[in-house]
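Across the two complexes that follow, subunit A remains constant while its partner is subunit B and subsequently subunit C.
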Partner chain A sequence: MSNQKQAADPRMQEENDQSSAGLVSAFFAAIGEPIVYVTRTVKELSALFLVTIKYVIAGKRRPDEVVAQMFEIGNRSVVFIAVTLGFLGMILIYQAGFQAMKITGDLTLLGALFLQLLMREFGPTITALMIATRVGTGMAAELGSMVVTDQVDAMKMCAAEPIEYLVVPRFIASTIMVIVLTIVAVLISYLAGALTAYTAFDVNFRTYFDLGFVSYFDIIIGLTKALAYGMTIPIIACHAGLNVFGGSEGVGRATTQSVVNASLAVVVIDFIISGLGYVVLALF
Partner chain B sequence: MIEVRDLTKYHFGRPVLENVSFRVKEGTNLGLIGPGGAGKTLLLKIICGLVEPDSGNTFIKGQKVQGLALQELTQLRFDIGLLFQNYALFDYLNVTENIAFPLRQAGKHTNKEILKMVQESLNSVDLPHIGHQYPNELSGGMKKRVGFARAVIPKPPIVLYDDPTAGLDPVTSSKIFLFLKAMKEERGVTSITISHDIEGIRDICDSFVLLNKGKVVFYGSRDEIENTQLSLARQFWHGFSDDELG
Partner chain C sequence: MGRIVFKNIHKAFGSKVVLRGVDLTVEPGAVFFVIGQSGAGKSVLVKHLIGLIEPDEGQIFLDDVEVTNLHEKDFYPIRKRCAMVFQNSTLFDSMTLLENVMLPIRKHLKLNKEEIRALAIEKLTLVGMEQFGDRYAADFGDGMRKKVAIARALTLNPEYVIFDEPTTGIDPISAAMVDKLIRHLADHHDVTSIVISHDLRSIFGIADRIAMLYKGKLIMDGTQDDFRNTDNPIIQQFINGRPEGPMEI
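What follows is the complex of A and B.
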């Protein structure tokens, strides 16, 4: 009886309709908002990347600043990368050896397969994730604080273009140093794995250091990934830093945004290059 | 020399500047006064093209600022010096390199000439021996004077001062106002000065704009503001409160 009454009341009916419409609109807003955000961010990042490339080719040469950034990105990260990748090498070899012992007991391919995996996947990707955490956040925070203290505006007023002055040296330095750090990381992880294999499973070094599984293709895939990560991380970090608003709270937001976006980008790029790599391998 | 025409700017849907219009004649100094949050700093940033307005335009030496290509805007900024409210000194450069920065960007001088000009500039702001120091080693007043030196070292015909004496002691404030006076009288600079120090800018400005809640509530000469019957302007000029501002 009560339900019939409610259904008959036109005002109640209108309120119900409005509430349904509100739910539908909230549903689409919830789906649409992240899509709009991702589309806008990708568009802005692409624009920043293109402008950066333009200045790399035709801008002022500032080798001192590039070297300073290379020191900041490379030298200051090498211990962090070496320790992380060294431990990762030990853990992976121990786990792989442990599982292999349970199934086949054959450890002769341990080193060869691990090297291939390191070159194609773990070396460049884990290094890039570490760089995104250590260097990317630093770049976003540094540029973000320059924005909130008007230093970027002061730069513009002094006829200096912030992208050319701030982004380009970081971009060049990161592109070079991520490749260098990836090579260092692969070597250290492989050596740490060798020591673990010898200590835990008595695999001699001659058996472990087997390059038989590594092809030029693996090296090209690994270096391509390192190159792509090296270019992507500073673009994402500098974009986050240069778009800061709202004081120190905004700087905090930018560093979080930088590390989240850069990590996501590394994983997506890893997937794309790996996928394309297998397609190319199948074709040739 | 500087013309602001019907400027409107919204921030998160709220108008922060509404139909702002005024002119600054060549060689004169316009005082931009008003309570905090009235939109004064934003207005300066729009004038020199750092922020885009939602509608309206600014003209510098007859050239429309909005819609200029980046290269044209960069060229125009060689003619404008801006002293930022919070100094905006580059914290990774020492004082010498901070002041030298615009000269190095212009690329018209040798390193020797630049260093000589920087030293002259430091002497003129009574800070001859701090060239090697970094901004975090300086007091607020010293930072302000270094910021002033950096803004004027390329000898721009237009200088915009954003609250040049904010937070400074009376002695340093009076020194800063003397610099501003010298810029106008000796170099014939056209300028806009934001300040809450009415005593200080009373003598160095030729005309005044009073902004309140993003709107121009008074625009006129020094004599006009001194004799105005407009309550808001009288209140701000004479420094008493009857709760109309705010």
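What follows is the complex of A and C.
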């Protein structure tokens, strides 16, 4: 009996060791897999961005296609952006005014501070998140559908480079229209805030429309963010669309991947540009 | 014109393994059918030849020259020699039929506008669609679109043509016309055709050689008679179209 137990122990020990090794392996795989995925995706996105820039500079000009995409991205999004940012302006001013009334009761800086916040942060970032949702998913779905129906392969067979034909017009249009939409969004949100401040707290328009806090840095940071978002969203969306596999299910995956990656990219870029902005601001 | 060789081709998309080491040789001038269930990896295999898909492992040779993993621009001359008719026709709806056929000519050949137009009309005539040249692709159904896609594939007088399910979704008369055209290209123009198909009438009508893929592997490569006479129950089930049998659906 004792001998049997002694014989079984090494086997049990071996099984335990194997089980521990499996767990360790699974643990490192769980950590490593997302790192590999992110590294590979960033590498592919960087390559797509560089090729797109090459075609923007040296490729054939297609103004009609760019205008069509600008209409799709800009004109078709303006109501959505206006409503979203308008409501956001009303909510933020109401909340800020409400809190300020409880603490100091002084609302004279409400408009000035809100404008600075809108320009530096909310205007470009919320607009970009909305564009990533409305336009980015559309791009990913459109290109993904072209991939699963072999249209992209057919372009390659005709020696037409899909990046030049499909990505470049969307990239140029998005870069321009995200800047334009950001400016529209800031104006509408600021005006909606003015109406709320006047209606809810009796802040008169002359007090509200105070540009004293806004500096060139705020404008530059806001526009830099809009420029960066405008370039990033179509690259991420087109990358997701062009890498679709597996039919309509793959198109669904690509749209989800597009909106998730683009939203994450917007937040990360926001953090980087804001951080750099404050560093630069500290130097002057 | 030489042979096409696929050597130990492996391909997976994410966790989905499609090809598990396929070896295949296509002799010049043949009408070579690749058959198998949907999802068996037929289209994936042939797309490797023209650089539309890169293999995870393995090599592809065209005329004894390796064409595996070339740079995108290095595939342009191969795509001039080796055309493809896609399963979905893939005409550009915003263009007329004539513009669709003119596109590869404009991109690949240095011809003037009149020459490009004349060549495109010649190819549309080959498939009996010349009278519709100025109408938009979106106005036509699958059968007619497929004919135009074939005309477009033939514009550069390719040595090899890949037909991905050319008779699927078209009427029997058009299908017979497509079969006749594929046979005509092989017999009179020495064009090597690789045809992906489930259409048993086409397979046993015009094939010189047939290869069958099952679960990402080549299970048989032979003539029509080899396929008719084989004892392999999977092949017998497939070519007789029986719902019951060893083939997993």
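Note that the second predicted complex is superposed on the first by the 276 of 284 C-alpha atoms of A that agree within 3 Å, B and C clash if a C-alpha of one lies under 4 Å from a C-alpha of the other, contacts with A are read in each partner's own complex, and residues count from 1 in each chain.
Following the convention adopted for this analysis, a residue touches a chain if its C-beta (ideal position, glycine included) is under 8 Å from a C-beta of that chain, and two chains touch if they have at least 3 such contacts.
Note that the structure is a prediction, hence the values are computed from the model and not measured.
*Asks:* In the superposed model on subunit A, is it clash or fit for subunit B and subunit C?
*Replies:* Because the two structures are overlaid on the shared chain, the partners are seen to clash.
*Asks:* Let me test your reading of the model: by the given contact rule, A:Val79 touches which partner, first (subunit B), second (subunit C), both or neither?
*Replies:* Once the two structures are laid over each other on A, A:Val79 reaches no partner at all.
*Asks:* Please work out whether A:Leu283 is in contact with subunit B alone, subunit C alone, both, or neither, and reply first, second, both or neither.
*Replies:* Neither partner.
*Asks:* Applying the document's definition of touch, where does A:Gly246 land relative to subunit B and subunit C: first, second, both, or neither?
*Replies:* Once the two structures are laid over each other on A, A:Gly246 reaches subunit C alone.
*Asks:* According to the stated criteria, A:Ala154 is in contact with first (subunit B), second (subunit C), both, or neither; which is it?
*Replies:* It touches subunit B and subunit C both.
*Asks:* Which subunit A residues come up in both lists, the one for subunit B and the one for subunit C?
*Replies:* Looking at subunit A, the two contact sets intersect at 149-151, 153-154, 156-161.
*Asks:* Provide the residue numbers of subunit A that touch subunit B in the complex, in ascending order.
*Replies:* These residues of subunit A touch subunit B: 149-151, 153-161.
*Asks:* If you look only at subunit C, which of its residues touch subunit A in the complex?
*Replies:* Contact set of subunit C toward subunit A: 13-14, 16, 47, 50-52, 72, 75-76, 79, 83-84, 86-88, 90, 92, 103-104, 107-108, 153, 164.
*Asks:* So in the complex, which bits of subunit A are touching subunit C?
*Replies:* So the residues of subunit A in touch with subunit C come to 149-151, 153-154, 156-161, 245-246.
*Asks:* Would you pull the subunit B residues touching subunit A in the complex into a rising list?
*Replies:* Within the complex, subunit B touches subunit A at residues 45, 48, 50, 70, 74-75, 77-78, 80-82, 84-86, 88-91, 101-102, 105-106, 150-151.
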